[in-house]
Amino acid sequence: MAFEYSRRSHFYETDLMGIVHHSNYLRFLEEARVAWLRERKIDHLHGPDAGCYFAVLSTEVKHLKPVYFEEVFKVELETRLEGVVMTFQYRLTTSRYTEPCLVAKTTHVPVNNEMKVLKLNKNIREVFKREKWTETWL
Amino acid sequence: MAFEYSRRSHFYETDLMGIVHHSNYLRFLEEARVAWLRERKIDHLHGPDAGCYFAVLSTEVKHLKPVYFEEVFKVELETRLEGVVMTFQYRLTTSRYTEPCLVAKTTHVPVNNEMKVLKLNKNIREVFKREKWTETWL
Amino acid sequence: MAFEYSRRSHFYETDLMGIVHHSNYLRFLEEARVAWLRERKIDHLHGPDAGCYFAVLSTEVKHLKPVYFEEVFKVELETRLEGVVMTFQYRLTTSRYTEPCLVAKTTHVPVNNEMKVLKLNKNIREVFKREKWTETWL
Amino acid sequence: MAFEYSRRSHFYETDLMGIVHHSNYLRFLEEARVAWLRERKIDHLHGPDAGCYFAVLSTEVKHLKPVYFEEVFKVELETRLEGVVMTFQYRLTTSRYTEPCLVAKTTHVPVNNEMKVLKLNKNIREVFKREKWTETWL
């Protein structure tokens, strides 16, 4: 089952078109990834204390519909591990439209403070084994 | 010849890894697009006064190297028009690395305030005809 | 009783010092104001649909302690109305320190889309009458 | 003579009111401070390589007029040193209004990576001695 993350959009995330600025969606996706780590109880293996970061290799976003000020949006997230590369896919929806507002994919590798690629922690690998990738959304 | 846009990265654009946060690159690319419009003297045909916006359909970014605080980065930009869809490609470099820090592609359509797709202004179309797309970078 | 708003800080809100960048606190305060409007059931009288915005006249922030990545912070908010000027004060705390991380004050006037000052909606005025301003925090 | 910093506002810096979001001005002021350090040739004594940061103690901003998309704004900056506390004042103007859009004041202390207050570097102190504080703007 896909992990879900949800919150309202903020005033400062809109632009003069009256909708959420496209750069902010990458931030929403990051929030969803960190919330997923927390829900899977591996957030302590990530960040400055752990000396491990999920460096972004690539991002791919397809925008279908806008998100407006103060709207609740929901991000569905799925993930899989291939070697050391973590791939996440996302589908962002609001109650305004039946179709998603956005589908996206990001890839990551674990790195240390000096941007050297790390072996992924065993506990994190175990979590990835239990994740499901139903179908490709993008 | 590719259009070029350049500036320094700002302190507030870095994150706790000490490098520019990946979401900010989409902002740099937007700055480059607007600077291109201005250099091509069609910036007045875009924005609230013109009632025309280049809505983002998709973005695709490949990250190769980080950009650090206060580093000068350069964005090369090329663009082409197919029907009403404007495609831009970008290559971002700094003096620190020989390879690019980032290559990216974004697609856009002209829309009005209500997000309705517009016919592209004739002057803008003329500008696109003179642009060169050398090869695909991403 | 002061209204309270709480959430975690995000990765993209940190800077290369490893702490939340100071500009983001103004965004947290805005989130707290909007959450207060929602809790008081007057959020529909604010924003693009209502044609009324709380333009920022001034901000004043005193920083005492930093907020780190993924920390839960709490914003206490109090407010009062004098004429058409709405004053909000804020105290931001985390569990890491006994003293607040930040105390702040912002002032606002209701304006329309053209930045003309509006008479404040009667329902909003009624809400302000029931608010308490215990003492000045800043 | 006051130091001056200037650039255009960006699309992503606007909000749904069609003007620059108030939190972004703190970022413009930071840009102006860093540009001042660079112009005074002491930027290398600041940042991760120097292990010295100008932590923000307080900010105070008075907003008088908005800045719109793609407008050129100019930030005038003056500064003075009292003990270890650096005070900066700013006046932000555009060609649209005769009065300033914003006047502001920020205070800072030099700290290291662990947020410990440092003795200010001698070269930086020398620079401060030559700065003029004409009158208080805020």
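Labels for the chains are A, B, C and D, by order of writing; each one numbers its residues from 1.
Heads up, the rule we're going with is that a residue touches a chain if its C-beta (ideal position, glycine included) is under 8 Å from a C-beta of that chain, and two chains touch if they have at least 3 such contacts.
Please read all numbers here as calculations on a predicted model, not as lab measurements.
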item: C-D compared against B-D, more contacting pairs; value: C-D
item: Length of the line joining the C-alpha centres of subunit B and subunit C, rounded to whole Å; value: 34
item: Euclidean distance of C-alpha centroids - subunit C vs subunit D, Å; value: 23
item: Averaged-CA centre spacing for the pair subunit D and subunit B, given as whole angstrom; value: 28
item: Of all residues in subunit A, the ones touching two or more other chains; value: 11-12, 16-19, 23, 27, 30, 48, 69
item: Chain contact graph, described as a line, ring, star, complete graph or other shape; value: complete
item: Sites on subunit B touched by subunit A in the complex; value: 16-19, 22-24, 26-27, 30, 48, 53, 55-63, 66, 113, 115
item: Footprint of subunit D on subunit A - complex, ascending; value: 11-12, 14-19, 21, 23, 69
item: Residues of subunit C touching subunit A in the complex; value: 10-12, 18, 27, 30-31, 34, 43, 47-48, 69-70
